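Chain lettering (A, B and C) follows the sequence in which the chains are written, and residue indices restart at 1 in each chain.
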């Protein structure tokens, strides 16, 4: 009898344990459901979409339609998200005349007007204008015999380090970017804007764990903003500091939003994804120049098709002194600097 | 109830029971995790703008701590070596403890990576088949593979042995031995891959150097055994598990020789700063001496170097190595903390200055970042504590499979 | 029940609680939308200039590209310079006849448009059709006898001191470019009249290297299409350069746009303004 009782107690314990687990499971499920994403079915479906390049034509249309609905609602104006493919037989190149650049940053702000970046928290600008001082020119004949070691000690054996060492002239390894003088150009400086160089051998593409960033057929390195996981390996790999990250939800005022967008170009991004200059592909794929190029007040920026021998970019490469910035990284960028 | 369920239930119910000190420790860790629930929620909703990371210094405290946990995880497996060198039966138990420690730190590391990524909800994009896995181009993908494989190897090896010990059956040498050897080789491999994740970025001059894998492995060899010694000393004090002094001695010797290699690595790096002093060494110079008024990292640098070289010097003395109650634990804590703090303030943050475009910045972590880091560490230590307790319980024989009367209730004939 | 059982049960409940709270919060986390964009009801800048502050001015007009609701321009709040063009061809006219060469400066100017410079010839609200001829008709202001440099009675706002003309350092004077008899036109050394809308025909006679590069598209600016032969708005010389003050500044310095935001945590940028730039 006592065995039976023990047996029944054991049975009750088993039952009780099963009941408990069942209740916990239901509770967890209820909590999960109650906090499921809001009515926005579009946002929910957007989460499931695959890599844009791997989508079928119909999936692409659906994705575009979802985005257009979402953006139009969010910004209160009819937004188009273009699906325009890369133009055939085109390889985009950019050339910047550092002889002419005055460091006015018009290009920086034109880019921001065109490309729907977050305006504050974080403030994202795709172009950085570097200021390099020509040098403090404190070369002096008084310092000729100063230096290391002092000449008295070694007599005629000469100084190892000259007294005029440590005077910076034309330094590009430390630059200024937060300058804001009354007028530019300042007499003692020259300026060099840097943006994504659209490398032919981009290190950012190589390190992306999910291939969210890749090179499109016309040579522009693009990002699928819905595929990026935000690991920032690309930001680590880029030698030109070209990539920007949306650290928080982007803050883009409605009246500043540009409603003509492209899936890979200037459509508004979301929190936690990378972005960068795309050579304004929403414009260039339709034949128009990038915004920075049109804004430059001194005409320092040139853009064109590297495969067209009559384009101004090819003429520049043929006739001017052209160099690639940080060419030692072997990234073969298509953004050139020249002087005339 | 079958044996596996019994194993799980008995393991956990033993692991969660303990002395008041034990509960105090778990309670202390739970406090950090509780705060962490709130701060994690904030970070998941508002994004990483709540951390101190910027486009200039893009790696934050999470990934710095991840590298450190990878150090420990890689080195924890070293404790397996004495079991097979000395062929001592008791040593084999310690192999399991080493694997459990490795497991704890690998899972902590993976959790840090989840905090580091801007869109953790999109991590499924990396799963081959569902998403796109950029193998073999992306070093991060390599790291994902090796870490997960290491997790699985240790999970299988440790719990398989514990289960067999629980049901009092021997472990067949053949299969198990090769699994252990694989784990021993895999440990340093995960660390070489992690160093490749850093070294593959040519623009980070202080990382893209040939010396980085050796720096990582030697730091692993220093910090891993340090925490293991502390864990073993605690186990020796509070449980019935016997841990021989020879094991502790071997581990402290590993620390000693790792610190020697580390010193050589640092000496090589200092040479490039002090002798030719070119642009390639600019970020190390920034770390050592500051630049134009930005000198946040200078005192930390010298403190850590003093800690590392000082610990090396101290461990040269057998008297200190054998002082199991006083000096050795202190040195181990110093080494552990020195390597931990070295990650953010020497390896990661100063490496971003000067940036490729010539900008110097400093990193200012935020409260939410600290809170999340502490919460993840608390999770890690809690996992470690609980699983070690369960494992020790099984290894000392306190947790054993007992055929309960309830299991045979269906065989009992109901009394009339 | 002894103490240990109760504590272990408590620990179990705490851990479950943490797990569920954490899961629930995680679920909510991804349904919360981004913060509302702060509405800044700031009036857009209406009167803007292009490259040259005193040379050109454009007024913002809404809805110039109705398909996207684009205004014609968007300008800088700080300086008033035009940042962005909704329609790059807004307000342009065809460039007109240009000489054709058979080298790499060969351009088909069929698709070339310019912004006319003639409407800029306004002085004291003069007649918008007669422009300068209102006064320079031979009677109100007599025609000059020769082109020798002398002091001007008026136009000091354009040229401060006509005997110190900042163009060519004394090599040329006003009437070398401005037609003496018809101030609404420019004139070249062969006596041909040149429209103000085509100053390149005059400037290019002396500034040949620059003219060659301008025809190639390397000097100066062309907005619109990037493709060779596409429709482009060519920027003519006087849109960027003021020929009366060029020796002081070839291009007049302008106020820069605001500096970027400092990285989070940094208080100022003093470290980059140091004298020592040595790494």
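Here, a residue touches a chain if its C-beta (ideal position, glycine included) is under 8 Å from a C-beta of that chain, and two chains touch if they have at least 3 such contacts.
Keep in mind that this is a model prediction, so the values were computed, not measured.
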item	value
Far-end chain from chain A, centres as C-alpha averages	B
Between B-C and A-C, the pair with more C-beta contacts	A-C
Mean-CA-position distance for chain B and chain A (Å)	33
Euclidean distance of C-alpha centroids - chain A vs chain C, Å	25
Chain centre separation (chain B, chain C; CA means) in Å	57
Residues of chain C whose C-beta touches two or more other chains	25-26, 28, 30, 264, 272, 276, 279
Residues of chain A whose C-beta touches two or more other chains	122, 128, 171, 173-175, 177, 249, 271
Multi-chain contact sites of chain B, meaning residues that touch two or more partners	49, 54-56, 121, 279, 282, 354, 359-360
In the complex, chain B residues that touch chain C	13, 16-17, 23, 26, 30, 33-34, 37, 40-41, 44-45, 49, 52, 54-57, 121, 279, 282, 285-286, 291-294, 354, 359-364
Complex interface listing, chain C residues touching chain A	16, 19-20, 23-28, 30-31, 33-35, 37-40, 50-52, 68-70, 74, 76, 81-85, 88, 104, 213, 216-228, 230, 235, 240, 251, 253-262, 264, 269, 272-273, 275-279
Residue ranges of chain A touching chain B (in the complex, touch as defined)	1, 3-4, 6-7, 10-11, 13-14, 47, 50-51, 54, 121-122, 128, 130, 171-175, 177, 194, 203, 206-212, 227-233, 235-241, 243-249, 271-273, 326, 329
Chain A residues touching chain C - in the complex, by the definition given at the top	24, 27-28, 31-32, 34-38, 40, 43, 77-78, 80, 97, 102-106, 108-110, 113-114, 120, 122-123, 125, 128, 133, 136, 166, 168, 171, 173-185, 249-255, 258-260, 270-271, 284, 287-289, 291, 293-299, 302-305, 308, 310-312, 315-316, 319-320, 340
In the complex with chain B, residue positions of chain C that touch it	4, 7-8, 11-12, 14, 18, 21-22, 25-26, 28-30, 32, 263-266, 270-272, 274, 276, 279
